[in-house]
Structures are given as structure tokens and as C-alpha cells.
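First subunit A sits with subunit B, and in the next complex the same chain sits with subunit C.
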Partner chain A sequence: MTEEAGKLEQIRDITRIDRIGAHSHIRGLGLNDALEPRHTSQGMVGQVQARRAAGIILEMIKEGKIAGRAILIGGQPGTGKTAIAMGMSQSLGTDTPFTAISGSEIFSLEMSRTEALTQAFRKSIGVRIKEETEIIEGEVVEIQIDRPVSEGGAKVGKLTLKTTEMETIYDLGAKMIESLTKEKVQAGDIITIDKSSGRSTKLGRSYTRARDYDAMGPQTKYVHCPEGELQKRKEVVHTVSLHEIDVINSRTQGFLALFSGDTGEIKTEVRDQISIKIAEWREEGKADIVPGVLFIDEVHMLDIECFSFLNRALESDMAPILIMATNRGITKIRGTNYTSPHGIPIDLLDRLLIVSTVPYDEKEMHKILAIRCEEEDVEMNEEALAILTKIGGETSLRYAIQLITASALTCRKRKGAEVEIQDIKRVYALFLDESRSSQFLKEYQKDFMFSEIQTDTDNSK
Partner chain B sequence: MSTIIEDNPLIKEAIRYLTDLELLGEEVLSDKHQLVELDRKRNANREALRKLKQKPENEKQKEWVCFGNMFIQMPTKSVSKKLTEDQIEIEKEIRTIQDNLKPKVARLHKLEGEEDISGFFLKGFTPADLKNMTS
Partner chain C sequence: MASAKPRSTDRWLEELKSSKKTCLVSDGKKKVHYLFTSGLEMSEDYDLKTGTMLVRRFKRKSIFGGDGKWEFEVGLSSSRGDEGNQIITECFSNPIFTRVDTSVYFQWRIRNLTYPKSNYIISCNPVEREILVKTVNKKYFKKINIPDMDRCELPFDSKALSFDHANNTLIISYKKPLAILDLEKKVFKEISNLKANEDGQVDCAQS
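Coming up: the complex of A and B.
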């Protein structure tokens, strides 16, 4: 019986640590079926144009037929660029590979910039393969192993396995007996035996045998008795990224490098051979390519050589969808003395679809702050929220978000039930925002270390 | 009452959809049931073959075999041969039912409005394949 005819389980290997980050309240892009953004939905507020554009790009990604498209999200700081990228990654789900890197990440001593970029590209392309095995799964009714009377005789054993619908007896060979004794299989255990490799695995203990003993060891897991036939065909679908396949094949015991992260430079021949093999498998129907998304934040930190590399890399047919974000206006391209919009050379800009984000207005800011209060589990009354919105409008959205937790702690200190105006006032006085801080600096500049008293020059932001 | 059903195309469509769904569901359930029965038969044959192999070699040995509601005594060798042939037949049938079950379940998923489970129509793969790509 194939696995998927029963219920599909998504097994989570790593326990998720619940820490609240700057964008953890975002669950998706908040679009309806016609790809129209709802004003407040799934954690996203306002920014309608950009979200509509993002929705269309999402459809392009889901179709999977478009390779090597690039999008740039540009806008002032605090206008939701990273938030849209987070929303897109949540909407795509766990099936589509989504790699997020920052522009400065590619600069490292261990590998060259092109290698880091190639790795990031290959991490965003997934390969779907299916593993097929015949297994025997059942509850052990009785396991009987007889030691031979004479020396040098082989052990003989009988194993009785059952499911809810049938029961049968297996004669065990020497190797099987060895592996079962090593696993310490007893009556009442639920085991799985792989027919091709002969490996046996203990899944747990049966519920019906839970009352056998008064006390069981600490690691005992109780599982239901399996249903259906004893010998099943099990199919598991895995999605691996091209980068993982590269690393496994880059050297002997390559899979260890996957865990340690110390992959080094992977030769081009290895990558070419792997690309050819994957294309072959695709023809044979053994593998499926799942193109994903590579998100590069702060893309203005890349230099001119990286941009030239990107131009070429986007042309290959195994290229993911590239989403870039930057908050720079017309700046110098790193590595040259020329200026260009967003700090990106014009030939790359020509290949991009550009999405702009605009600053939030007061109503939208109010809603965003309300969502963040809920996310950070802070009770705030209406007036405090209104004051906070005003503060956000005058200073910046991020500053207002930071004040939420700070004021919650102040409120807790005075043993109040919810955050009030006095708490907000208090933290506003304690923590300066950017403009007040620079004003303070202007006044007391000569008292700071290494200050050069300048009369007319502006501070560059 | 019947004219109401015949006149309204929406109701007809709904009835047709529900009949399709039920028929498909019945088929899937009966296939699963049949797989269990076949596996039971297969295991019974396997146990019988083991017992026969364990008996001491004797050319003239005869075994009692049950066919339906008749008991017949047959020489051991032909009994084992018959059982092995039976096993091969059963394995083939199990394979066919399993292969046909997959598209039926996929259609059922689609009719019930659930998302497609992708990747189950790929051909199988072994872990050795992943490691031997650069040969």
C-alpha cells in the first residue's frame, strides 16, 4: 500500500525556537484569489502596489516555467522591502526553496565572491526525487530465538508479526537474528524491516502492551499497531537543493561537509557533471526540478564584478528567480567611480523588473503598530497607540516598533495592566531616535572624541 | 420531484459529481482491501513453502493439499512448484493493483479539492544514485 493513500505527515526534524523577530508577524502577502491585496491581511498592511506586483511574481514562480528573471524592490528605509520578501517566502511554502542572503555575506576569506554567489544560486534550485522501498511493518507478537545445542551450530529463530488485519510467522536467518537482538526487539514492539537492505528499525511500543509493566524506561514511545498488509511499498519524496548534491559529490565523505558548512570551492567540472546528470534524470522521469527564489538584500554592497557575474548567471536555464532589495538612491557602484541608480549598473538594471515601495501613511502605521503589539504580546490602550503612531510619523516606523517592548517593560515595572501614555513618554525620553541623536551631536560635537569641528559640511547619512 | 432534478442543470451536475466521488472512493477502498487479502495469501504460501523445505528429502512423500472444498494428496515436489507459481502470480497482481491505486488516489485528491501531492509519479531512486553522480 503506498504511503500517500493514508494521511500525509509532514515530519519536522528541527524544533522551532519561538523568538520574535522584526518580521515574524508576517504570514504571507495577504492577497485574495484574484491576486488583489487586502488592505490588512496576513500581517501585511498597505503598500498595495508593491504587493500586487509581488503577487504576480509569485504566480510566475509557482508556474516554474520562468527561469532567470530578476526583480528589484527599491524604496526608502522602513517601507517594507524585507517584509514583502518575507511574505513571498511564506506564501511559497516549504516546498519551494527560498534562500535569503545579504549583499555583504558573499565577501569572505574562505571562498571567492563568484563561488559564494554560485553556491547561493545552486541553493535555490531544488531537485525532487522519490525513494521507493518494500518494507515489512508490524507488531511483534512473539520472537523466539533458539541457541544451538552443539557448538558451531547456527541460531534459529522465529518472528511472529501482526497488523490489525493479519498475522504471520517469519523464519529468521543468522544476520537477521543478530540485528534484531542488537535492537533488543521484544514482544509488543512495533518494528519495520527494510526488505532490500535487511535493516530493522524499532518504531516504538504498541499501546495494547502499555499496561504490561508498571514502569517503563524514559525513552519509551507508544505507537498504534499498523494497519493493512504486512509487506508494503513505501514511497518517500525528498527535495534536495543542487548545492547539497554538489557538496556530496565534491569530495569523499562529502555529506559531512554539508553539516559542518565548510564546503570550500567546488570545482566547475563537478558542477557541470551534476547538471548533466540531473538533466538526464529529468528526461528519464526520475527527478523534477523545483526552481526557487534567491533573495539578495542590500544588493548595493555587491561590486561591479559580481554584477557582471549576475548578468551571465541569469542566462543559464537552471537559474532561480532573483529578488533584490536596496534602499540606495543614485549612488556609486562599488568597485568603480561611476554613479548609477540604486548602485546597480544599467545593463543589469535593464534586465530587472523594478518594484517601488512608498513610505507608510499614518493610518497604515497605526495598523502595523497594532499588529506588532499583538505579536509581541503587549496590551496597549488606544491613546498610547495613537501617541505611538504620532511618534512613528515624526521619527520612523522602526523606532516606534522598538518602543513597544521597551514601554511594555516599563509598564510591568510599575505593575500596570496595560501600556499607557506615561510609559510611552518615559521610554521616548530614555531612548533617542536618529534625528534627536544627531541634533545632540551637533550641539556637543567638540566634547566628543576625535571630533573635527566643521562649519558647513553636512553629515552624510 | 423528478422533473425538478431533470430541469435544474446545477442539481444534475452536483449529483454527477457526488456519484463520481463515491464510485472512486469505493474503488480505492476495495483495492486496499484486496491488497490486504493478497498479502495474507502471499504470507500463507510463504509459510507453507518454508515448512515444505524443512521436511526431510524424500522422493515419494505426498502432501495433503486443499483445493476449495476438496482435499487431494499430491507429491511434495509438485506442491512446492505450484506454490511458487502461485506466489509469482500474486506478486504480479499486487504490483498491478498498487500501480493503479496511485492515479486513482491522485484523482480522488483532485476531486475533493485538496492540493496535488507532487513527486509521486517520479520513478524510484536509490541512495547510491546520489553519491555516484560524478563517475
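Coming up: the complex of A and C.
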């Protein structure tokens, strides 16, 4: 019995490759068809007003007619601003470009701030275009992936594919192996591989393997083994971002720059040319523009220069929908001595639709913690969850979420089946929250380094 | 139909004439580079002694701009497999397909085919304008186009087709029609008039 359980866990380990992030539990905005938010759905809890607003904006993005609108999500820390943005990105699907950056990301010594912002803008606009590519389409006869003999050695693999007429053995590169393992390709599958990008798609199982039906489950699709040659030229429609086209055309770096990531500055002339070219394609009906979303978290970290750039950039008809999030109230605009709401100049604020998030009440917090427990695979009993909710209310939601996995570990140490109050108590004593930590610091300030240097600025905070 | 033939051969010849040509001699080969008005690039290598064409390849710009890869119509890339391909390549033990022309034949050689001659079914499909290579044991299949014939819009003749198998190599030959021979003569004359650059002093666009 225990042996079986061990086996089960092993299988699970292989299938779950993703790590659990802070917003892994968000799978959408949790709206119904009438754009009314359900109280708890798709990992979202509460924040009904803000979600309703986000739903309307989502509609606007999907319609794709209006360019250069900007939305600001404002609210206290830990009220779900990033969660809402993630939810929007999830419900948009993979075909709409969604770029998420943090306000401090654009401060780099290698690239000017406006260049970084322009690149982010252009990453968020997709172009859907038909292109002829070489694809390999066939039935997998055998797939063999060898682990590297020495540490750090590249994996090597071989893939044998066949059609009704022929059979070929391929050598696989590291990227291809990764993509095939992710798709869980096995003998008997019919797959297509884009030869230049290495993207593989499983079309289904071969009819010749149809007797494996019981083992595969009812949702398996059966297809015929392809005919003729394995390699074909085929027209495929795919979406590339404007930024990708920019990089391919910026002569200095060439196509390889996409992979190394170091693109440097791209000349305005190149961008202008590409914009003209795309306008031509659109007129000829060869390409479609897919406007996407640019999400800038911690937008108060931008300075006055960036804000004035944003003002201008939003006026372009190639601009994406811009979503910004901030947790600041009335504060200084970076790079000036002026204060302004959210640390954003009034002229930009005037262009924004502002959505605000409110602190969660106790019931909602309870729900969120329960969702997180599930996401982090932690069994917690009702009393422990209640006490954790209480802790969350007194300190912060984030702190309470941190305690979940920590308490699960102490629980496992004492060989408990589920997390109980004593585990929560233990980790609550072990790890300080922000207010207890500052309390502690105030008490023992004189014992810390450099405490003898007293300045007036300390008190102003 | 009979009157259409010479016209289409002439069109290709005109296109060659109007293209920007660069020429150099190295390794006992005469290398000619053509840049057509459409942005298409073609390069041909000729053996200096025999005058036969060893390599012909094309390069077209990709749709997003940026350079494409050389595609070989005749001959084989010397840098096989070292493209730093992280993705997928054919294993070296697979059949290798090349076109190697002689003065009177279009000829294709498929190396690494170990099966006996009786295993191959080779036919000509004049409607689809292709030669079909099939195997009885379903291990190899190939549709062969003859771009030279397509460019001149010449009809296919299944009588011109023959094949042989020796040394693990399948050799398929298609006898060049008169119009092609005539055209090649004209092209060769055109090329002979080109002034070849000294070896090493190349004036072609680096890419």
C-alpha cells in the first residue's frame, strides 16, 4: 500500500514541472458571460468592483479597435492588483500578446529608458501573418532520449518518424527534446514539427494503435498516418510581435539577437520602415494587427521623463492597451519635487481609467488562504485556517500566505496528517511579521550597528 | 504550344541577362552570383575544366526581412549539419539526396540506400510535373521536381527517365531535352563573357 503511494507521488513529480508562484492560482478573472464577477471563481476572490471594471476593459481589448487606452489599478499592498492583471492575461489567451514588466526594470545602463519602454510597447503588438515554413509531419515510430553521461553534457535524442510511404531518423537538439518531453510525445503519436522554430504539436494517436484505447482514456483523438513525404512546405499563420520583426531587421545584430536577448537600441528608421511595411500588408490583406496588453507593475518607479514619453506614445495608433498598477498614495513624482496622486503627473492621470482595489475582509481572506493551501498542496484543518485568517487580518495577507508552506513543513516534521493550530503557532513564533519585526528593532535599536550615529532624518521616516 | 516553348526559354534567359552578376574564380571553379530585380539571389559554380555545373543555389529574403538560408537546387552544402542547429536535423545514416547534373542528363543521386534495385519504383508524372521515387518496403519516398523544366515550361516525357543502383546509391537520370541543352549553351556563353575577379578580391554583398 505504501509502496503504491510512493509510486503515485513519483508519477506526479514528473508531470508537474511548473513551480508554484505567487499568482499560480489565478486562472482568469472569474466573470460570467454577462461580465458579472462571481464571488469566488478561477482563483479570484472578492474585489468585485475592480474585476467588473477589468472585465469591461477586457472586452475593449478583445474588440481590438481602440488603441492606446491606459488603465491604472491603484490600491494598498496585497489587495490583488497584480492578481487582476494576471487574471486578464489568462483570460486573453495565448494568441494576444501580454507583456508584463516592472517599473524598475527599464532602468538599465545599456539602454535608455525610453528605448526600453518602446521595446515593451512593441512587444505588446502582435502581427498575425501567413508564412511558408518547412514542417515535418509523421507518426512517431520510436523516440529515444539519452541522459548525458557526464554532468552538464547536452542531452541527445533520436526520433524515428514515418508516413505511409517512408521512414526517417532525426537527431534531436536540446530545445527539441524539451519541447517533445513537454508535449509527452510517445510512439504511436502523430506529430508536426515546425523545422525552423522547433515547435511541435500533437495531432493525435495513430489508428494503428487504436487497440490501446483503454489505456489512453476516452479523450484521445485518432488520426490517420500521413501520406507521402515527411517534410512538407506548408503555409501557417502565426503571430509575431513588432519587436521581433524589429530585431530581425536591425542589421547590426541579426536574427540571432533574439535568442541572446541583447538587442541594444533599435534605430527609429528601422521601426518606421517596419510600420510602413505592416500598413502595406494590412491593406493587401496579408496581415492582421493583434493589439495586446502592456502591464507595468509598480508604475510609481517611473520618472517624469518616462511619463511624458507615455503621454506621447499612447497617442500612436499602434499603441497597445496599457495597464499600470501602483500601491502609492499621494507621493513625489520620481525625478521632480512635485507631489501627485499615485506619483503620476496629472496630465497622464487625466488619460487614465482608474480602478481601485479595496482591502479584503475576513471572509475573503479565509477563501484566499484556502485556495492557496490547495495550490501549495497543503492540508490544513478548519481551526488552523481560522487562526491563520486572524493572523492575516492583523498582519498582512502576504505574511499569512508565507506561513502556509512553512507550517506544512513543521507539520510534516512532527509526522502530522494535516496542519493544526500548533504548527501555525510554531511558525508564527519562528518568523516575524513586519510589525513585530519593527517593534523588535525599536526595542533593540541601540544594539545594532551604527546606532550611535543619530540623525534627524530617522524620525521623519 | 510549339510556339510557346521558345518564348518561355527566352524569358528565363532574359531574366538572367538583366540580373546583376558577379563572378570569381577560385579552387578551379568559376563562381557566378546573380542578383535578380525581385531581390532573389542565385549562385552557380562551374567546373573550369569541363564546364559542367556543380552547384546552383537560391536565397530569398524572408517575409519579415532579414536573410534567408541558401537552398540548394544542384549540389550539396559543404557545411552540412554545422548550422548550430539546436532543433532537429536528419540523422547522418539517412538517405542523402543530391542533384548532380551531367552535360546530357539531369541526374539525382540518393546515397545511403542499401536496398536492392528491385525495391525501387520510379515513375514520371507529367501532370504534376514531378518524378516519383517509391520503395516497396516503404522506407523512402521522394517527389522530385525539375525547376529547370518548370522555368522553361517544358513538358515531361517518361521515356527520358532511367535509373540504376550501385554502391548503396540510387542514380536517377532524366535526359535533358533539346531546348534545355540549347539554353545551357547560351547561358554558358553569357557567363564566359563575364570578367572574373581575381581570387580574394570579391565584390559581392557579404551577408
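Here is the rule we go by: the second predicted complex is superposed on the first by the 330 of 461 C-alpha atoms of A that agree within 3 Å, B and C clash if a C-alpha of one lies under 4 Å from a C-alpha of the other, contacts with A are read in each partner's own complex, and residues count from 1 in each chain.
The definition used in the following text is that a residue touches a chain if its C-beta (ideal position, glycine included) is under 8 Å from a C-beta of that chain, and two chains touch if they have at least 3 such contacts.
In this text, all values refer to a predicted model and were calculated from it rather than measured experimentally.
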Subunit B versus subunit C as contact partner of A:Glu229, first or second or both or neither: both
Touched partner set for A:Met176, first subunit B, second subunit C, both or neither: second
Touching partner for A:Val237 - first (subunit B), second (subunit C), both, neither: first
Which superposed partner A:Gly198 touches (first subunit B, second subunit C, both, neither): second
Partner chain in contact with A:Arg128 - subunit B first, subunit C second, else both or neither: first
Partner chain(s) touched by A:Met166 [first = subunit B, second = subunit C, both, neither]: both
First, second, both or neither for A:Ile248, with subunit B first and subunit C second: both
Subunit B/subunit C common contact set on subunit A: 129, 131, 165-166, 168-169, 171, 228-229, 240, 245, 248-249, 274, 277
Complex contacts: residues of subunit B adjacent to subunit A: 28, 32, 35-36, 38-40, 42-44, 46-47, 50, 98, 101-102, 105, 117-127, 130-131, 133-134
Contact footprint of subunit B on subunit A as seen in their complex: 1-2, 4-5, 8, 95, 128-132, 165-166, 168-169, 171, 228-231, 233, 235, 237, 239-240, 245, 248-249, 270, 273-274, 277, 284-288
Residue numbers on subunit C that touch subunit A, as the complex places them: 62-67, 85-91, 93-94, 134-135, 138-143
Subunit C contact footprint on subunit A (complex, rising order): 129, 131, 136, 158-159, 162-176, 193, 195-198, 228-229, 240, 244-245, 248-249, 254-255, 274, 277
